[in-house]
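Pasting a structure here, questions to come.
Lettered A, B and C in written order, each chain numbered from 1.
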Amino acid sequence: MSTAPDFRTRLQDWLPKLVLAPSFAVTLLFVYGFIAFTVLLSFTGSKMLPSYNFVGWLNYQKLWALPAWNTAIVNIAIFASLYIIICTAVGLALAIFLDQKIRGEGVLRPIYLYPMALSFIVTGTAWKWFLDPGIGLEKVMHLWGWESFSFTWIKDGDMAIYTIVIAAVWQTSGFVMAMFLAGLRGIDNEILKAAQIDGASNWQLYRRIVIPLLRPAFLSAFVILSHLAIKSYDLVVALTGGGPGRATEMPATFMYSYTFTRNQMGIGASSAVIMLMTIAAIMVPYLYAELKEKK
Amino acid sequence: MGFLDIRNVTKAYGQVEVLHRVDIAVEEGEFLVLVGPSGCGKSTLLNMIAGLEGISAGEIAIKGRVVNGVHPSKRNIAMVFQSYALYPNMTVGQNMTFGLEMHGVPKAERDRALADVAKLLQIDHLLDRKPGQLSGGQRQRVAMGRALVRNPDVFLFDEPLSNLDAKLRVDMRTEIKKLHQKLKTTIVYVTHDQIEAMTLSTRIAVMNKGFVQQLGTPKEIYDTPANLFVATFMGSPAMNIIPARVKLVDGVPHAALTDADGAPRLLRFSQANLAAWDGRDILLGIRPEAITDPEGADRKSGNIQPLANRVTVTEPAGSDTFVTMTLGGRDAIARMRADAAVSAGQIYEFAVNMEKAVAFDPATEGRIAP
Amino acid sequence: MAAVTQDTAVSMGRIARVFIYLLLLLFALFYLLPLYVMGINSVKPLAEITGGNMMALPQVWTLDPWRSAWSTAQIGVEPTGLKPYFLNSILMVVPAVAISTIVGALNGYVLTKWRFRGDTWVFGLMLFSCFIPFQIVLIPMAMVLGKLGLAGTVPGLVLVHVVYGIGFTTLYFRNYYAAFPTELVRAAQIDGAGFFQIFWRILLPVSGPIAVVSVIWQFTNIWNDFLFGASFGGTSQPMTVALNNLVQSSTGVKEYNVHFAGAILAALPTLFVYFVAGRYFVRGLMAGSVKG
């Protein structure tokens, strides 16, 4: 008679953890270890290669004094807020309209959503030439007889950032539509019927009942969009290349150019840390709440 | 030593003890039902017997072999789950023989065992279907078949009937009982349904808050509940619990209580030992079927006491009529014959079978008589 | 619910409905426009683009821009066309998708059916790694790939995509397996099946839908990636990086028709997957917002 578990039972107890261990170890090293290393670098005077002469907060002070970084911050603020607001508005409107027993919904939905399957590089290429005044929209309008039409945002330092908003909205608003549509379809029809019996007009129905019930979808959309916005690198590279001049510099492009082309690794690292902090401030509470309620 | 021994078994999650020193010896061929409200620890105990949960202290032995730490598949047990847990991707036949396959039983032998059990349960015609194509009752049979095919030492049932509708549940209950009578297998069966517990078991363990409140035959549990919890949990409608005081009249103990209008009433006890409680408060327990119309009273009883009281509500249930009244300041239910002439508001003379009365100590909630 | 229908209980007037249809069609045009522009201009001679109307159908239909984009266009310094890079992408995507999906399936299995203390934390840490701005790992990753001798190689890119992909694949399988009754696993344990047998015989046979979701999501993400490809691609650059090089090249005449053909080439695999298995694609996107 033994009370110690037999070998097979013990092995079975350990197997699950053994199977999970490599992934966890890789995550700890390649994500959290790397984050720690980058944080460390941001406090060093690393130039082209990592070095370990610590300079305290110097990189951060330099960073915030750089006009390029300030441009990047202003741009990301403009881009992220417009992108999130417009995507949400377009997505919500499309979802509500599509939810009105629309004939051909099965055709429209995939059309709204397909840009999400494309690379930002493809999106950027398409919009870059379409918005190019020399061959694109402006020229088309002129050829169609609207001689005074002018659309030169992509070449205009003050307006170029808005072309990035257009292309980004084009790419992801269909996705937001799908999220809201799923939320709408999840609402109990009896609640809507009850509200109609209570005498609510369509407008009141949506404003007072439906939209408040979509709160979780709003939250998810906000989190996903803001995380996409802060990470946006490819689209800027493909659409404007950060230009004209440095007019559409964003933190992601800033980080890349300072680290790999300007040999200012310490400053590049500190900008990456700031990007991480911003995303973490949004993602961590969200993930925490999501995982908590699942338990 | 029993066939299945549960010795001082304790389960704790960290600091929280959810099962306290459970001690049950199950004989071969016994049908033990663990019954209690949700969270009482009955499923935890079953899972510990199965080996699906570890044992914090104490030991469990099957046929004299301590199985603590032994893998579930090596305990020679089989389990029927609440959701039936049929593998959705396998046919009924594959479901039933999966365990034998895992234990390396040759195909020919598996097929023979499958054929026997399928015939016994009358599911031969279902063997090639997938679980998704079966009705609730059929799934239930397949789940039992999967257990039977293994020919295990002990069968474990985890609320197997709770997913069936009311009628099917009664049918399957009978089926399980028949099967047990035929195969004489040892069964541990978990349920929260006290009727299942009463009808199926040879012994019941009533559990609450991680303690076994009482272990006994259905009759012992029903007639002499160990405490207030067992008394009120087992039986439907529940036993009436009426605050009363013991009063000696000519040296014989009586229950002194108040009727619906607050007037004092006396009911003579059959249990002489209550004389020692003279002048003290008790809780009087009377099952609804022990309060009847005079014609419906148990003829064999040696102690039928009349009790006139005002009727609050009558509920005809077809086979019986349930009558609610106020006794000792609380609602009490009487179970009358269906055609007893009684209506709400009237004063009616009930017959109380005091031979079946039980008395509890209000402080400890333990039974003091009989 | 008494009546299970997909429609809302809301009804609108006729004029409102006309307005809604118009708006929906307008948006459909907006989404289709760039695809149309890319499509028709990729089969036009260059002169028709520079000298003509971008929206007009070609007067002369030609596949030359496609041939050029595929096999002769100048990418960086070599006139190789996109073909070798397309191949790089395939070589990178297939193993990266396969590995990350298998690992994610096993992780999801462990995290739902073999739960242990702290498992939610382990998962949370893995999940957060999907959402970090990858700029934060670029520098150390470049160093580690260099040390491993994987810098600028396809295996290096596979490694990177597996590492930063398992968070999502684990999420998918975890959410999917969470809805799978644990009693089945317990029944299989009593039946004598071990850890891998249960996975192989009980869970995997019903994992088809989520495996498709995971494969599609990983395929789309990895195929479309630019940052890692540009940072660590070296001589093994994927399609997206090559396309960008083609479009951004500042030498010579801008061959817009070739650029468009290249863009479509880069988009074709993911578009194909999208139109073949769109349902699963949407499901993957939804699950990406964490809720299962």
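To be clear about the criterion, contacts are C-beta pairs under 8 Å (C-beta built on N, C-alpha and C of every residue); 3 or more make two chains touch, one makes a residue touch a chain.
Note that the structure is a prediction, hence the values are computed from the model and not measured.
Participant: If I average the CA coordinates per chain, which chain comes out farthest from subunit A?
Facilitator: It is B.
Participant: Decide which interface, A-B or B-C, involves more C-beta pairs in contact, and give its chain pair.
Facilitator: B-C
Participant: Per the centroid of Cα atoms for each chain, what is the distance between subunit A and subunit C, given in Å?
Facilitator: 15
Participant: Just the number, please: Cα centre separation of subunit A and subunit B in whole Å.
Facilitator: Chain centroid spacing, subunit A to subunit B, equals 58 Å.
Participant: Pull out every residue in subunit B that's touching 2 or more other chains.
Facilitator: Expected reply: 71, 74.
Participant: Can you list the subunit C residues in contact with two or more other chains?
Facilitator: none
Participant: Enumerate the residues of subunit A that touch no fewer than two other chains.
Facilitator: Counting only residues that touch two or more other chains, subunit A contributes 8, 12.
Participant: Touching subunit B in the complex: which residues of subunit A?
Facilitator: 1-6, 8-9, 12
Participant: Which subunit A residues qualify as touching subunit C in the complex?
Facilitator: 8, 12, 15-17, 19-20, 22-24, 26-28, 30-35, 37-38, 41, 50, 90, 93-94, 97-102, 108, 110-123, 125-130, 134-137, 139-140, 143-144, 170, 174-175, 178-179, 182, 184-185, 187-190, 192-193, 196, 202, 205-206, 216, 220-221, 223-224, 227, 230-231, 233-234, 237-238, 241, 251-252, 255-256, 259-260, 265, 268-269, 271-273, 275-276, 279-280, 283-284, 286-288, 290-291, 294-295
Participant: Can you list the residues on subunit C that touch subunit B in the complex?
Facilitator: Touching subunit B from subunit C are residues 181, 183-184, 186-193, 197, 201-202, 205-206.
Participant: Going by the contact rule set out above, which residues of subunit C touch subunit A in the complex?
Facilitator: Within the complex, subunit C touches subunit A at residues 1-3, 5-10, 12, 17, 20-21, 23-24, 27-28, 30-35, 37-38, 41, 49-50, 52-55, 103, 106-107, 109-111, 114, 116, 120, 122-129, 131-141, 143-144, 163-164, 166-167, 170, 178, 194-196, 220, 223-227, 230-231, 240, 243-244, 247-248, 256, 259-260, 262-264, 266-267, 270-271, 273-275, 278, 281-282, 285-286, 288-291.
Participant: Contact residues on subunit B for subunit A in the complex?
Facilitator: Residues 59, 65-66, 68-71, 74.
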